[in-house]
Structure formats: C-alpha cells, structure tokens
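Listed after this line are the structures, all set down as structure tokens.
Next come two complexes built around chain A: one with chain B, the other with chain C.
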Partner chain A sequence: MLKKKFTILDHELVPKHILLSKEEKRQLLEQLKIRPEQLPWIRASDPVAKLIGAKPGDIVKIIRKSPTAGETVAYRFVVP
Partner chain B sequence: MLMPQKRLKAVSFGLLSPDVIRKISVGSIITPDTYEEDGTPIDTGPMSLRLGTIDPSQKCKTCGNRVGQCPGHFGHIELAKPVIHVGFVKIIYQLLQATCCKCGRLLLPQRDIDRIRKIMKERPRLWAIIKNRLVAKVLKRATKTMECPHCGEQQVKIRLERPTTFYEKTKSGERKITPDIIRARLEKIPDEDYEVLGFNPKASRPEWMVLTVLPVPPVTVRPSITLESGLRSEDDLTHKIVDIIRINERLKEQIDMGAPMAIIEELWDLLQYHVTTYFDNEVSGIPPARHRSGRVLRTLAQRLKGKEGRFRSSLSGKRVDFSARTVISPDPNLSINEVGVPIEVAKTLTIPEKVTSWNIDELRELVIRGPYEHPGANYIIRPDGRRIDLRYVKDRKAVAEALAPGYIVERHIRDGDVALFNRQPSLHRMSIMAHKVKVLPYKTFRLNLCVCPPYNADFDGDEMNLHIPQSEEARAEALTLMLVEQQILSPRYGGPIIGGTQDYILGAFLLSQKNTLLTEEEVQQLLFLADVTELPGPAIIKPKKLWTGKQVISALLPKGLNYTLKASACRKCSECKKFDCPYDAYIVVANGELVAGVIDKKSIGAGEPESLLHRIIKDFGINKGSWFLDCALKVFLNYAFLHGFTMNLDDVMLPKEVVNEILKRLREAEVKVEELIARYKRGELEQMPGKTLEETLETLIHEVLSNARDNVGKLAAQYLKPTSNALMMARSGSRGSMLNLTQMAANVGQQTVRGERILRGYFERTLPHFKRGDLGAAARGYVYSSFKRGLNPLEFFFHAMGGREGLVDTALRTSQSGYMQRRLINALQDLHVEYDGTVRTADDKIVQLMYGEDGVDPSKSDHGKAVNIEKTIEKVLGVAALK
Partner chain C sequence: MKTKKFTLEDLKKELEKCSSELPKSIIQELEEKLSKIIDRLTKSDVEKVVSEVIRQYNEALVEPGEAVGTVAAQSIGEPGTQMTLRTFHFAGVRELNVTLGLPRLIEVLDAKRTPSTPLMRIELDEKAKYDKAKAEELARKIQHVTVENVASSIDIDFGQQMIYLRLDEELMKDKRVTLDMVINALSKHKIGTVESVTEREEEMPDGKRRKVIEVAVAVPEGLEASKMIKLRQKVLNVKLKGIKGLKRVVVKEVSREGKTYYYLEVEGSNLQGIFNNLDELEGIDPTKVMTNNIHEIAEVLGIEAARTAIINEVMGVLREQGLDVDVRHVMLVADLMTLTGRVRQIGRHGISGEKASVLARAAFEVTTKHLLEAGVKGEEDPLTGVIENVVVGQLIPIGSGMVELRVRHGGE
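Let's look at the complex of A and B:
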C-alpha cells in the first residue's frame, strides 16, 4: 500500500489555516465585539483542523484567495 | 388610546396534555350527528352551540356572544383506546429505540447522562447551540445499545411500519405493540433522561404524543355553508370529526360488551386511521380519506401546507387597498419618472390630506367638486373620526364650508403624487419602483419605454399594478429611495439597467451616421424636444445651412464629457484603426462634443455597462442621467420617425452568383459529410479520446456542417446590400443579430434536439422519406434552405422539432428557476451589513467579515471593481493621450 507521503495542507486548493493563540483570540473577539459562536464553524474532525491540531473552542484563521479582494481572511470557530 | 406595551422575548412550543385538553374543553362531544330533524344543532354533536356560533341568529351557549364576538370554544372527545399522533411518530420511534423497554431509562451509562446534564445545566448558552448535534449523537449511541445499563434488560429491535404501527422483534417472531403499551413505555421515561434528549419536560411529556383525548376545534374554524338549495354542506374537518366520533362510540360499545380482541383491534385500527387522516390526509402508506363524492378531504395539515396554505396564502400574503391594475401601453413623451394613470383610476385612488390653514381653500374646492369629477375628493374624516362619504352628500358646498384644520380629506390622486408601480414576477428590487402620477385620458397605465427593461415589460397585453402610499413617511421614502431615477444603476453589475431599446437605438444610429445632414427646421424640431434652444453653428453654410447628426447629438451631451468607446457596430478587426475606423465604430467624445463614431446599443442601450449613458450618470449625476433618458432619447426616437424606417424582402436578397456560391459550398459540405460516413462504415475513422466511434462521427459531422454554415453566413453578410435595413438593425444592435440575418439570407443550418442532431422518430430513421441508417446531413435535420428561399416540407418539420424543444425548455426553466429563486431568497433574506462592514444573519452570526470580501457596492462599482484604472487615467490625461 501507498504510504502517506503528503499532507493536504500542501494542496493548492487548501487555503492557509492558522490556529490562533489565546491572546490573538481575545483580540479578535474584542475587535469584532462578538462571542466565538457567532463566527462560522468548523468541525474539529475536519481534515485540516485535525492536522493543525485544532480543538473545540479554538479559533482558526483562514487566509485564502478571493476573486473580488485578491486575498481575504476568514475565521472559524472549532466545534466538536 | 394608550395600550400597555410588552416586548416579546421568546416563543415556546409544547404539547397539550390530556388534562389541558379537558380543561380548555367546554364539553365532551359524543354524538356522531350534526343536526336534529328540525335543524337545530345537537348539543353533544360536533356542531354544538357550546362550541361557538356561526349562525347570525344564534347566541353561543358558552359565552352568550353572537357571531362576530364569540371567539369559539374547544370541545373534546374521550378516546376509547389511545391512538398515536401521526405528527410525532418519528419522535416516538426514536424514543422507543433509545430507552429501555422495561425501566424506561435512556440506554446510556449514568456517567454519560450526568456529563451531558452538566453541560446543559452549567452552560445553557453552549447547550442551546450544540443541542441538536449532541442529541443526534446521543440517540445514535443509545439506539445501538442492546442491554440496558441501568436494569440489565436485554433490548429488542423495534420496527416502524409506516405510518403508525410499531412492531417488536422477539425471538418468537414479530409482535405488534399497541398504542397503550407504547404510551405506558413513554410514561416510564424519567424527566431527567428526557431532558438529555433535548426536550423540555415542562412543555411536553412524551406520553402526550399518544392521544387519549382529542380536542374538537370550535365551529368557527370549520363553518358549514348553506347552498342555494337550502341544503347544508359541512366542512371537511367536521366530516372527519363525525367519523372519529362514530368509530369511537362503536369501539366503546364493543369494549363494554366484552367483544373478542379481534373485533376490538379492527375498530381500534380504524380509529387510528381516522385520527391520522384528521391530522394529515397526505400521509404516505395509507389511502387518503375521501368525501362521499370521491373528493379528497382537506384536513388540518392541508390547511397549513403549501402555496394555498395558511402560512403562504393568509399570513405571508395580504390583500391591499389603494391599488389598481390595468393593461400597460407606451408613451415616449412621459418622463421615466412618470406613470400615466387613467382618470377613472385617479378618481378611485385617494390620498388622505390633513386640512391646514394653508391648503384649506384648495381642499374646499376639491370637496365641492366631489367624487365624480377628477381633481375631487371621496371622503372627509372629521376630527372625531367619523367618515363622510361624499357620494351621499347632497350639499357639498355646506360640507366644504364646515372644513377646518384637523379634518382629513381623502382627495383624488393627481399629477405629481407618488405611486409604486409593479410588474410580476417581482424578481429584483427594480420590479417595484416609485413613479410620479400623471393623470391621462383612456384606460391604460402608460410608461416611458426606457423603463421596460427593469420591469421586463412589453405591450402585448401586459398588466401592471399601482399602489398609492398613504402616509407622509411612506411617500418620502418612496420618493428618495424608490423613484425610477434612483434605480437606473443596477445593483447587479453597476451598469444602467434603464436605457434605450429598439427604436431609440436605431434612431441614434441613424442620426449619428456620417452622412446625416439636417436642415435648420429639422434641427430646431429635434432639439426643441429636449428643450435645447441654442443651435450650434451649422457644419455647412452654402448652398444651404446644414447640420450634421453628430452636431445634434453633441448639443445633447453635457459639456465636459470626455469619453471613448467601441460601438456595437465594431467588427473587431485584428488591428483597430481607431479614428480611421471604416465603420465609424470608434466613438470619441471630447468636452461634450461627439467627434467620431456612431451612437448605438453599446452607448445608450439598457443593461450596457461602460456605456455613454453610464458615463454620464457617473460623471454628472443621476439628474443629468434621467434628463438624458427623458430628453436626449426622445430626440433619437423622433429622428427615427423623421427618417422613416421599414424592412423588406430586398434586405435579405443576395446576388444570384452569391446564392450559387452558397449552394456550391453547402454541396461541398454535404459531400464531406458523405465521405465521413463512408469512412466510418469502412471502419477507417479514427476514434477521438473519450468518445465512442459513433460520437466521434457525430462530432466531425457537426464540425463540418457548422463550419459550412458559418462560412456561408460570412459570405452572405459580405454581400448583403449596405443599405439593407435589416442589416442596419443588426449592426446597431437595435433588433436581431447577424445570425438571424444569415438564416434569412443564406442558410438556416442544423436543427437540434437535446443538443444532438435530430435522431428520433421511426426505427433507425427520422422520417419515412429516408433510408434506415441514413446518417447524412439532410436525414438528420440539416436545413439547407434559407428562410427567404423557403424550407421544404422535411426541413420545415425538423425546424418545428427544434422550435418546439425551445418552447418546452423555456416553460420548464421558468418554473425551475422560480422555485430556486424562492428558496434562495428565503435563505438569504435576513442577511444584512452591519455598521462595521460585516455581513450578519438575523441572530448576528457573521457570514462575511467584509461584504463581498472587498466591501464594494456593485451598483457604484465599475463592473464589480472598485476603480476602473483605465478610465481614470484617460480622464486625467484627456483624450489627447489617445491620439
């Protein structure tokens, strides 16, 4: 059988996922004046979330290409 | 009238317990008949006077009120045996599977139950969010558990036979579980475990999902109607209730008599059937209950469901006053902001106007003129709230004298009033726009032709609706936000959606031709229409003063406008000659002067982004834009009148030699197709990757034939007379395309059904005129003829096949996309942009951190982009830079 030689993070269609630190998380929520549940969600069982070690309660920052804005930032709240 | 105001904080839904049902009931209903012989309602029957009254001559026995006052009262039926409520079958099934059949506990270890209860109690907000997902997980796990962790009982598989029968799989075989057993099991589920499954035991206990008492709705909910013959016809619900009572009473009797189990069960099942169809008569798995006439009964669920149901028809949809509907017709002399309203309509629709010392004289005049003469009034509302109907007032002069500040006069609508104008289907926001009323004779609504595109209106019998806003606020809002000129730029792509169509474009095209020369009278005539009273200097002085068409157009363009564009007439040459364009398709406007180029669809057409019109609106504002649409376009249209225009057979006539050449080329293509077929038959055809041999052949044939068509089309286009009127229409983009022209002049081409050459019909052939297996062009729907030369019967038939498919497709597409649109709008309607630029849902969840990820308003953008760099540079450097 083929050994796992690649990670999906390297695929060009997978945008950059970054796990936020506690401080970054606090700042983001303060800046947007929201509770974490108000962000869109991502499952902890999502392949990328698993790879970057995101646990329920974390927030993931996603940087991706956008046809309108060039590059855009999105945030996901990790849920079980 | 000050009412105590309360703010709604939450709505909670729950089930009615048998106790509650009995408590709200005014009495038990036990007689399966509605009326006595003499026509009085039976007191214990479903039409009992205790349940309220629908007869104006009767008083309600419960509250003593008459028809309008009595709200109606519930009764109840004591069911002889419990039955399952169809609406909760799924939940009952899940509960039975997830709980122990002996002790009623949730089939999870106490540890897990405690853990979930902890989340629930300690973090109610998190619980609210993850409830559904967690419950689904709990259910799945509990269902799988086959041994009760609490009492050790071995669980049995439970099967649900739709709609309402449950079976238990025991070792000895399948056994039916009757509703009373089910109810007993559900009763055993403790509140604590029930909560873990996401329910609120205070609002609903699971055993309430099995009915022991059935509420009987008030008669006001199911009024009977008396036919002209004097016969009474009962509501469907009443029929159903009668059925339930009848079977229930029979069941009671049989049980009391100690009848054998088989008979009781049969009646029990029948009771279950009636109760099920009483709730929902479209349950799958059982035949719907029918009326004696064979008509399917409309029971509770049917009253609520679907387009004609309570929600969509009665609650979301409302009928309105102060509205009018009639056929529409065009009037190019109206402003785009106006709507022509027939006098008759204007005399019916009113606006309430408060009497003040400033308008009292005017309003007096209106009152004196009364309801039957146009600028008049229909009603007066006195300060004490009394309405005076002017139709029945003999001495209107006296009433007018009595007017004083504080009175309200409902006066006829008149010129300048605001009205909302609408055409269905209302697919986008421009489907309802505010217009200013212009009262006109005759019986149709009239509108400027430029506003046809946003409404998607034409005049083949279209009707439109008119609504008159009644309050000051509504009028102000309509005027500032919804007025047509506020809607010129489409929020979809930023281009003007309101603009010239058909004759406007043609007129502009003709006027802007290089050889258009006009006399002084003509120029005056044209420019007068646009209120331009200053003539530019003539282009030619001797022998006669003459002006060019471009000069007239220049007089209509705002000073300071600089602009270049390639017109519709542009042939997309490999190298653009710009100013020296042989087709005059290179438009240059310098300081409001049309220096070169023809004005056509690309410049003034509706829905054309980056057009001249768009530029005028963006650089000079909405006012200038609407002036341009009102006045300049009127000039173009009138030039079309002045010039005169028609289309005739000569327009698509080709010289004999060209026709022969076309026929020759088509024959060549036919030969090529024959060759391909021959090669295919010999097996010499090389298969294309991913295609079968047959598909390869089809592709190749298609290629040959479409090439032939294009070829021939180009040839025809080349030899069409340059003076051809049809050609001018196609070039300017006012109507028709080059394809339409070549189909008329040269060759119609391949007819298709489902994207393939025509291949259906008889066995291995399309028509009996061909040999079986004939794959040739003619046998597969290729039309050699042109529309001008005429199609032969076979070609005509194939053409009709293709045409029919087109019609069917449009019919299908509209219904499909309509439904898709409905669902999309329902999903998106509550999204809004907050002040911080984020897009949020109604409960403030974030959808996008920035609208469209770039925060650009498309209606103010240049085709979605925030800035158009090219245009900006051009504006800074000036047209000189282009040379």
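Let's look at the complex of A and C:
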C-alpha cells in the first residue's frame, strides 16, 4: 500500500480549515451582523488557503483546538 | 410511579442538545462526571444540572465592552517585570545555547524576522522513536556539511592557477563523507577540474600526524587574483550533504513511563527544507516538526499555525520562568498579531503603529511625526477608540460608555 503523502494540512500546528459555500457565507454574515472585512483575514497566498483553493472574497471556517474550550470555531476572510 | 431508567445514551443525547451553548471541554467534563453517578440520575436531574451549568457559564463569560486588551497587557506585563532579573543567571546552561526568558519573550512579541537562536525540534515516528542508532543516522543525514567542515587547509597557487584543498580523513569519516562526494560536488558547482588526488601524512597543529587527502583543482585559465580569492570561499561553501541551515544536530533522549525515546534538536531552522526532503528522511514524523521561527511557520504552514506557535512560544517562556499567566491573555495577543493574515509585531512597526486613529498613534510613540504627517495629509479622527477619547477628555467607549443613543425624529 502506498503511504499517504504528507501535506502541511496534516501538521500538528495547522487546524482544520473549511471553505464556506456562498449560502453559508451569507448566513454567517447575517448572524454576526458584520461585513466580511471585519473578520480576521487570511491571505490568498497563505499556504493553507492555497491548498484548499480559497480565493479573495471567500470565508474560511477554522476549527481550532483550544486549551480552554476544547474546540473553538473562528472565521477568516480571504484577502489578496 | 416508576420512571424509565436513565442510560448513558440518554445522557449523551441530553448533552448533545446544549452543544451550541457550551464549549466542548465543559460538555466532556459533564459527561465524564455525570456518567459516574448515572444510576442515581433521572432525566429531570440532568436537565437541572445542565441548565445550572449553562447559567454559570454565561455568568463567567466576559461582558460586552470589557477592556480585555488592557487586562491582558497587565496580566502579561506584571509577571514580565519579575522575569528580568532571573533571566541573566539562567541563560546558556544547556547543551545548545538558547535564548530564554525576557529576551525571548520580546523577540516573539516584536515578531523578529529570525530568532537569535533558531532551533528546530524533530520528532521521530513510532518505528524509529526508540532506536538510538536510527536517530543518529537521521541526525547525520540532516546535518548540513560543507567542504569547510571536512577540510584541514586550503591554499591558492596564483602562479599555476591551482587551488590545493586538503581534506582531513578523520573528519570525513566522522561526517560520513567520501572523497567521491567531494569531487562530485566540486564538479557540480563548476569550480574547476580536479587535476590530481594524492594521499599523504601531515603534521597537525596539535603535533599529531594524520592522513590527509590533497585535491588539486585547476581553475579556469586567466582568472584574476581577486576572483581566485573569492573562488576559495566558494569552494569552502560547497554543500556536500544535509539540509541547508541546519548546522548542528543533537540526539536527545527522554524517558517517559519507563520507555526511552529519542528526538532531534537542531541548531538552525529550515522547515521547507525538511518537507522537501521527506523521501530521504524516512523515520521522522513530519506532523511534529517544530521550529521557533514564527515567520517561517507563517510562510510554510500558514497564519493559523503561526498563531498557535506564538501562543506556544509565549506560554513556554512564561511557564519555564514559573509564571502562571492565563492562556486566554496570550491568545488575545496572538489573535491580534495575526489579524491581518500576516505576523505583525506589537510595537511601533505593527499593531500600535497601524492604528486607524491619529491621536492614538500620536499618544504611543514619536508624537510630533504622526501629528505633522496627519496635518499634511488632512487626516480626520472620528474619535471612536479608547485612547483618542482619553486624549480629548471624553467618556471612553468601554463598558457602559460603549452604548450610544440615537433619537429618531418624528417617530411615534
């Protein structure tokens, strides 16, 4: 069996990044009542953003491991 | 009346319902503790416990308008004052000299391009972890070896346009470098043509006689003397093996639960180099390769990894000094540093220097420069932040001061 090739997404320091769909994006912004650029940013040139195919204007959902809350969800707005 | 027995499944279902209201760690703790006394529980008991937990959790949350940044600054700053004195005595006791304590803390928060002591920690996978020989083999593969590391001397003969490179055989054996490797590397870097290879014994500075291999290299004809001196340095820098930048590799052992395992500590840092050469470096665990260079992490692993790394580094320094600072303060700092998708420093050239408000920037450092530039550009300050309102003597937007009222004209 061929061993799965290592990508940086497997690295311990890299949390799970999920690209939001248009509909999810709209719902999120409505729920938080903010403009997308008010979220923290992630560059489109970011190695993880490149791997998951995020383009400027997208929103990435990040599921972080947290020492206090176990798991937390954060969002980043993709900027050029 | 007999009630249906409350089972573990029911408990899980009950806790599932509040997953949007409580963080995962609290739900896990509830599940753990409640499952121990599950025989004595009914559904309404669990509901009561859960609603009480939710109530207390919401009470413990930070209120809107709380000055969390100021609290974080004080919570990190005060213990920081205790660090200063202790730092000097503890530095440099280890095998590898590592910057610790306050200097290191400043380095992380100032987001320095490269740390003053770049370090990597490379863990091995399950198979190789307990094998010292394997660890040492990997260490030799990783370590960057140049001609300089195996040469005993190098001379230039300007008249005959030759460079005489003398290699120390013992050093070569130690570094697992063969003569062929040197010759191949020299021709690959287009230094010149190898004319002859001779072996002989030579007296070393320490008085002992050692075997030395002399490699004579003919340089391209008509080369000026100054170019030849440059070429000499080029020869010394020719890479023979290993990964660039990783100068020293030390095999470290840790004993845990009766088992001894090994990992590699590396002086120098090159994450991308390790990832590029994974095929040759079988036995290392790529998911656990660590470096203390935050910018390098941001470039290779992304901004989120850099955020985690900042938290780990700062907490590591504080913990090592025996200071108990809550992670949440450090998380806030890391969040702010990575806010724009790049690693920004805290000070003048980062967060404080990029504030939107002129008055807030002027209040921090180099007051006149900011005021003058703002005047030239005709900048406006909407007075929305805290500092600018302190400057002009208004109510600051913190806590209840954050609330604004607007009157609707002609309403009902």
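The definition used in the following text is that the second predicted complex is superposed on the first by the 75 of 80 C-alpha atoms of A that agree within 3 Å, B and C clash if a C-alpha of one lies under 4 Å from a C-alpha of the other, contacts with A are read in each partner's own complex, and residues count from 1 in each chain.
In the analysis below, a residue touches a chain if its C-beta (ideal position, glycine included) is under 8 Å from a C-beta of that chain, and two chains touch if they have at least 3 such contacts.
The structure displayed is predicted, hence computed values, not measured ones.
Student: Is A:72 contacted by the first partner chain B, the second partner chain C, both or neither?
Tutor: both
Student: Just to be sure I read the superposition right, which of the two partners does A:59 touch: chain B = first, chain C = second, or both, or neither?
Tutor: A:59: touches no partner chain.
Student: Let me test your reading of the model: by the given contact rule, A:6 touches which partner, first (chain B), second (chain C), both or neither?
Tutor: second
Student: Scan A:40 for contacts with chain B and chain C and give back first, second, both or neither.
Tutor: So A:40 meets both chain B and chain C here.
Student: Which chain, chain B or chain C, ends up touching more residues of chain A in the combined arrangement?
Tutor: C
Student: Touch check for A:29: first (chain B), second (chain C), both, or neither?
Tutor: A:29 contacts neither chain B nor chain C.
Student: Jot down the residues of chain A that show up as touching in both complexes, chain B in one and chain C in the other.
Tutor: Overlap of chain B and chain C footprints on chain A: residues 40, 66, 68-69, 72, 79.
Student: Quick check: in the complex, which residue numbers of chain A touch chain B?
Tutor: 32-34, 37-40, 66, 68-69, 72-75, 79-80
Student: Spell out the residues on chain C that touch chain A in their complex, using ranges where they run on.
Tutor: Residue positions touching the partner: 23-28, 275, 278, 286-290, 297, 299-305, 308-309, 327-328, 331, 335, 338-342.
Student: Which residues of chain A touch chain C once you look at their complex with the stated criterion?
Tutor: 6, 8, 10-15, 17, 40-43, 46-49, 62, 64, 66-72, 76, 79
Student: Spell out the residues on chain B that touch chain A in their complex, using ranges where they run on.
Tutor: On the chain B side, the touching residues are 125-126, 129-130, 133, 836, 838, 840, 844-850, 852-854, 856, 864.
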